[in-house]
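Here come two complexes built around chain A, the first alongside chain B, the second alongside chain C.
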Partner chain A sequence: MATPQAGARRYGPGRYAVLTAYLVLAVMMLVPFAIVLLNAIKTPREYSTNGPLALPEGVYLDGLIDFWQRVDYGEKLLNSVLISGSVAVLAVVLSVLNAYALGIGRVKGRMWILVLFLMANTLPQEALVYPLYYLAKQVGLYDTRLSVIIVFTCIQTAFGTYLLSSVLSGFPREILEAARIDGANRLQVLLRVVVPVSRPTLSVLLVFFFIWTWNEFLIPLVFLVSNETQTVSVALGVLQGQRLMDATMTSASALLGVLPTIAFFVIFQRTLTRGITVGAIK
Partner chain B sequence: MLKVRKVAAALAALAAAATTLAGCGSDGGSDPNVLRLWHYEGPDSAMGVAWNEAIKEFERTHPGVKVKFEEKGFEQIQKTAPMVLNSKDAPDLMEYNKGNATAGLLSKQGLLTDLTAEVTKRGWDKLIPAGVQVTAKYDAKGVMGGDKWFGVPNYAEYVQVYYNKDLFAEHDVKVPTTFDELVAAMDAFVAKGVTPLTNAGSEYMAQQFVYQLALSKADRAWVDAYQRYTGKVDFKDPAWTYGVTTFADWVKKGYIAKTSVGAKAEDAGVAFMQGKYPMMFSGSWWFGRVAAEADFEWDTFVWPGSKMTLGSGGNLWVVPQGSKNKQLAYDFIDITMKKQIQNALGNAGGIPVAADSSAITNPKAKKLIDDFNRLADGDGLAYYPDWPVAGFYDTWVSEVQKLMNGSATPDRVLGNLQKAYDEGLPK
Partner chain C sequence: MTRSADVTAASSPRTGPDSPRPASGPPAPPEPVEADGVKRPRRRREIPYALFLVPGGLLLLAVIIVPFVMNTALSLTEWEGVGTPEFVGLDNYTELARDTEFWASFRHNIAVTLAMAVIPTCIGLVLAAGLFDYIGKRFGPRTAAFLRACIYLPQVLPIAVAGIVWSWILAPEDGALNALLGAVGLEALQQDWLGDPRRALFSVMGVMVWVQIGFPLVIFMSGLQRVDPALYEAAEIDGASWWRRFWHVTIPQIRPEIFVALLWCTIASLKAFAFIYVLTKGGPGGATSVPSYYSFENFFDTTRVGYGAAVATVLALIIIALTVVFLRRQSKGEEG
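Now for the complex of A and B:
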């Protein structure tokens, strides 16, 4: 093969192939959203006469408004923010405390403790639902938001502990020793040294926990029985009929359902791209 | 970084608020002046409209009592009903799916109140046709058609042919009244390059053709043996053999498109409403939607040449064993059985069980109800093919798909159905 010139290499067919591949991928990712958007603003009659792919004849917002009122969407949003927010904060706090002991404190048998956490992570939620339901009923927390917060705090903490422990076990010992020599006790080391240094990792965890909890469906479905405690993802299920589906209203609800997650993602996009393993010495 | 910290602080505040809020979460609902009611019918559906009116009527006749209605999703009720009913958060009255695997199972587990005394006292058994009662009564094993009432159906449903009058006129085809005319009409459409029947191979529509064809060669004893285990079921008998071979033949002849093997019921219904197919064989649950959304002239007829067709009582009102206001729940059921509410249900496109036919003003709805009453009076409700054993629906879908693809012979398909049926029979 002839040695290609620098210019030819920059604009060679390979680059265009990659660009095209990315474009195709981007379109494939966006098409479902486009279809949802398209059908969310159609009238049911238009949908039935022209099919799901036709362009809407005009903007029809009644589907969105009807759905909002039908499920009292504002209340559901508040519940979701409350549950996801509490879980994110509590799970990060617990994860840090656990990981501090396991990653830096070098507890005896920590390997096995971590394996246990990992195993807890791989358990499917379907297997957990019935025992959790039974426990919640016994302590009188069935059908309360608190029960879901507790359950998800534990589930997310299991993952957070596992991840943070590995990150913190690589924490530079010199910094810790320097702090000790300066007279800091264990709590001060944690709060003044470990937490500030690993804050980027913690923020990423916080964001992840929030979004993961937001998208959870099965456990909230089982635990949040009353409509006034339900989350957004459970409320979306109301539209699923026995035999018929209301395609336009389902699209409208899907649109309302993803908007908060997209908004949240846009706000925290910088935090996320900072990467999960950042957090070394300054 | 600063932003993140601020947001984290806000979230922490929320977390604190959550614990206080969650603590005082929902009350158990033991207020004697509140009727907690759940159902999963959309607000615009016939049942949704009628029951909304029933709520108003109930609050008018019960001063001081409030109805706390919560709309649920079908899926949510299906998945969580046994758990909810087993807790102190059970509603006072709810809609639940009829059938052995649903209401039957809950009745066997003791989660539903036996309504027999109430039914006779209030005369609901006189209002509901015998064929519709079957799905409301269960025996000790939870098999339908038993002796105890565990639910009360407010409406009924059946499967019929919807046809597009414009397409029949355009292609100069006569609307069939007998089975032979139906076949002739389908031949005429195929000759013009039009597929006569819309179909959904991956959902209930395809198996319902097979069952309907078999029903045209069957009698009540055959249906009872199949649905209620009153006798031995042989899938190689003439009725089943006729149903399966005729269906395979229809696919070959182009009455049913082979390409519909992967289609969903929603696709099939939308294709019919777009005017792509002249006929759709499906349930009365489409009635309201076709009426609202189809842009052409249409009407319905019952499957010709068969005394029996697919249909049954609708979903049930059930009173959970843990209901704290059973008396109010019975009163509410009673109101939904009253002429006024039943007529509202009929005029909105549903099939009421105890309406006054002369009070139905919409001519299409009147025909729908009259056709149903004729079927019910002639003992013509044969339920649905997937009912008898758990998980049978999926077997039906995959076997009928094989039949459409030609990847299994009718004989083989019948053998597989027999096997799944025998294995699934309640012991």
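Now for the complex of A and C:
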């Protein structure tokens, strides 16, 4: 960190030193992504003769296509989208219902209920995974996408309830009163007033739930054992764990794992960097 | 109260479906909400609010509370996952207290907490202050936002995928890092980064720092937005150097954010399972095992379910304690 000299003019040349330092850091953060891209489009022979740092001689996509077909990547993507999408929607719905009762309804003992929900979210999944695994087997949900959807709907709802309750407790009372005077019942107030007004917060939650669920690993790893049900993270993690892949295949798998994330990032960049403050500071 | 400006913005009334922009504050126009023109009968028998909690509450019971109680109960038994668990009282815990492997995994977790919470918070603080107060002012907010996005990017990556990327970069033969060191003539520094028991933990820590930095950075930058610019101007007029402003203005002003970031990252660092699973599987020779991974090993590899449950319960208790600290602090903040 360069320090601007106290005496120097406010916009002295020192500022370029600071900017350069930041750019170097930014490049360092991005280099791993670049290396992955670089090597995913090399032939295995190119890789072994020229090493991982050389520029590719051409664009070779067979490695990627080969990997895609071998792990049936399309299926994994579909599973991830299905699971994360369902969880995001269901968890937002349940969070809204809970937060309506706690933040606007001010149900008795709401402080304790909120604490319970927050605890449920911070509790380590390690302390839930074995009983959940056992219970899922008992009720025949083991190795189904539904089981993972149920579990994460609950975990994300716990966080969403905590966050939304405090957002809704600041909901303008006048708007609620006006709707009540017009004869709307509680359900109508929720659907016609509270939900539309808090839509911005809800969409932030939706994006976050989607991405958090997409990135989950431990519980999907335990629950989704067959190829047909696995998510992207689990399939790639398991392959990596078996140490059967050669260098170019690994980079192909890394690239395919990274791409959806980059896509989300580009689409939701503003929501993510803005929304995280909503998530964390609460 | 530490509510950030964004939350307020998000929750402040936009336009309701019928009321055209209720100007901030004063009573909303009492015009009728004629949703569909139907006049509703004035029933005052309302659904109790508590009813809205039922679906979420039942799910919480089935997915979190019952399994957690079961896990705690299992920690008092010896069980291999089949047959009937045998009650052994606190035997698992007394064994834990003497288990050197468990204590080693605990020490590793201190290193992991350093890498996932302490170091990223410190670096993030300096970076955020620099971006906000230096880069942002001299090169414009767009430059600052762009740099912030670059640094934040690894945060969005699934940890399993980050692990694949890095275990390949750190591979001993034809890994990119060793190739890079070779290319600049530093062959002497080439290592088996993840396979050498003396280095594996440090390599894992490095990856964690890379992943984690973006989180505190983004929190701090949004925290800085609510700091009164007059404070900075006053300090600048007084001739305070950048570092002095950093110490005496920035840090005290965003103390709530620092606390939150540190605590959330610490809790996350106790759940580092995915990093360890993908990068090292706890190896070599247990050199990177953490309690989170150790419980998994006991559950599913050695099927000592009771023992694994005891490890997980200890982990849960630590995290619950941290959460309580967080809540206390939070409610204090709301009063003062």
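Observations on the structure shown:
Assume the second predicted complex is superposed on the first by the 238 of 282 C-alpha atoms of A that agree within 3 Å, B and C clash if a C-alpha of one lies under 4 Å from a C-alpha of the other, contacts with A are read in each partner's own complex, and residues count from 1 in each chain.
As a convention for this text, a residue touches a chain if its C-beta (ideal position, glycine included) is under 8 Å from a C-beta of that chain, and two chains touch if they have at least 3 such contacts.
The structure displayed is predicted, hence computed values, not measured ones.
Once the complexes are laid over each other on chain A, chain B and chain C cannot both fit and instead clash. When both complexes are overlaid on chain A, the residue A:Leu221 reaches chain B and chain C alike. In the superposed model, A:Thr20 lies in contact with neither chain B nor chain C.
When the two structures are aligned on the shared chain, A:Gly237 is found in touch with chain B and with chain C. Set against each other, chain B and chain C touch different numbers of residues in chain A, with C touching more. Contacts of A:Phe117 after superposition: chain C is touched, whereas chain B is not reached.
In the superposition on chain A, contact of A:Val167 is made with chain C only, not with chain B.
Of the two partner chains placed around the shared chain by superposition, chain B is the only one that A:Ile83 touches, whereas chain C remains out of contact. By the document's definition of touching, of the two partners only chain B reaches A:Thr271; chain C does not.
Touch criterion met: A:Ile149 reaches chain B, while chain C stays clear of it. The interface of chain A with chain B overlaps its interface with chain C at residues 47-48, 51-52, 199, 221-222, 234, 237, 240-241, 247. Taken together, the chain A residues at the contact with chain C in this complex read 1, 3-4, 6, 11, 15, 18-19, 22-23, 25-26, 29-30, 32-33, 35-36, 39, 47-48, 51-53, 94-95, 97-98, 100-102, 104-107, 113, 115-120, 122-132, 134-135, 150-151, 153-155, 157-158, 161, 166-168, 170-172, 174-175, 177-179, 181-188, 190, 192-193, 196-201, 204, 211, 214-215, 217-218, 221-222, 232-234, 236-237, 240-241, 247, 250-251, 253-254, 257-258, 261-262, 264-265, 269, 272-278, 280-282. Chain A makes touch with chain B in their complex at residues 44-45, 47-52, 70-71, 81-83, 85-86, 88-90, 133, 137, 142-147, 149, 199, 203, 206, 210, 221-222, 225-229, 234, 237-247, 267-268, 271. If you check the complex, the residues on chain B that touch chain A are 1, 4, 7-8, 10-12, 14-15, 17-19, 21-23, 25-26, 40, 42-43, 70-76, 79-80, 83-84, 86-89, 97, 204, 265-266, 269-270, 273-274, 283, 285-286, 289, 292-295, 315.
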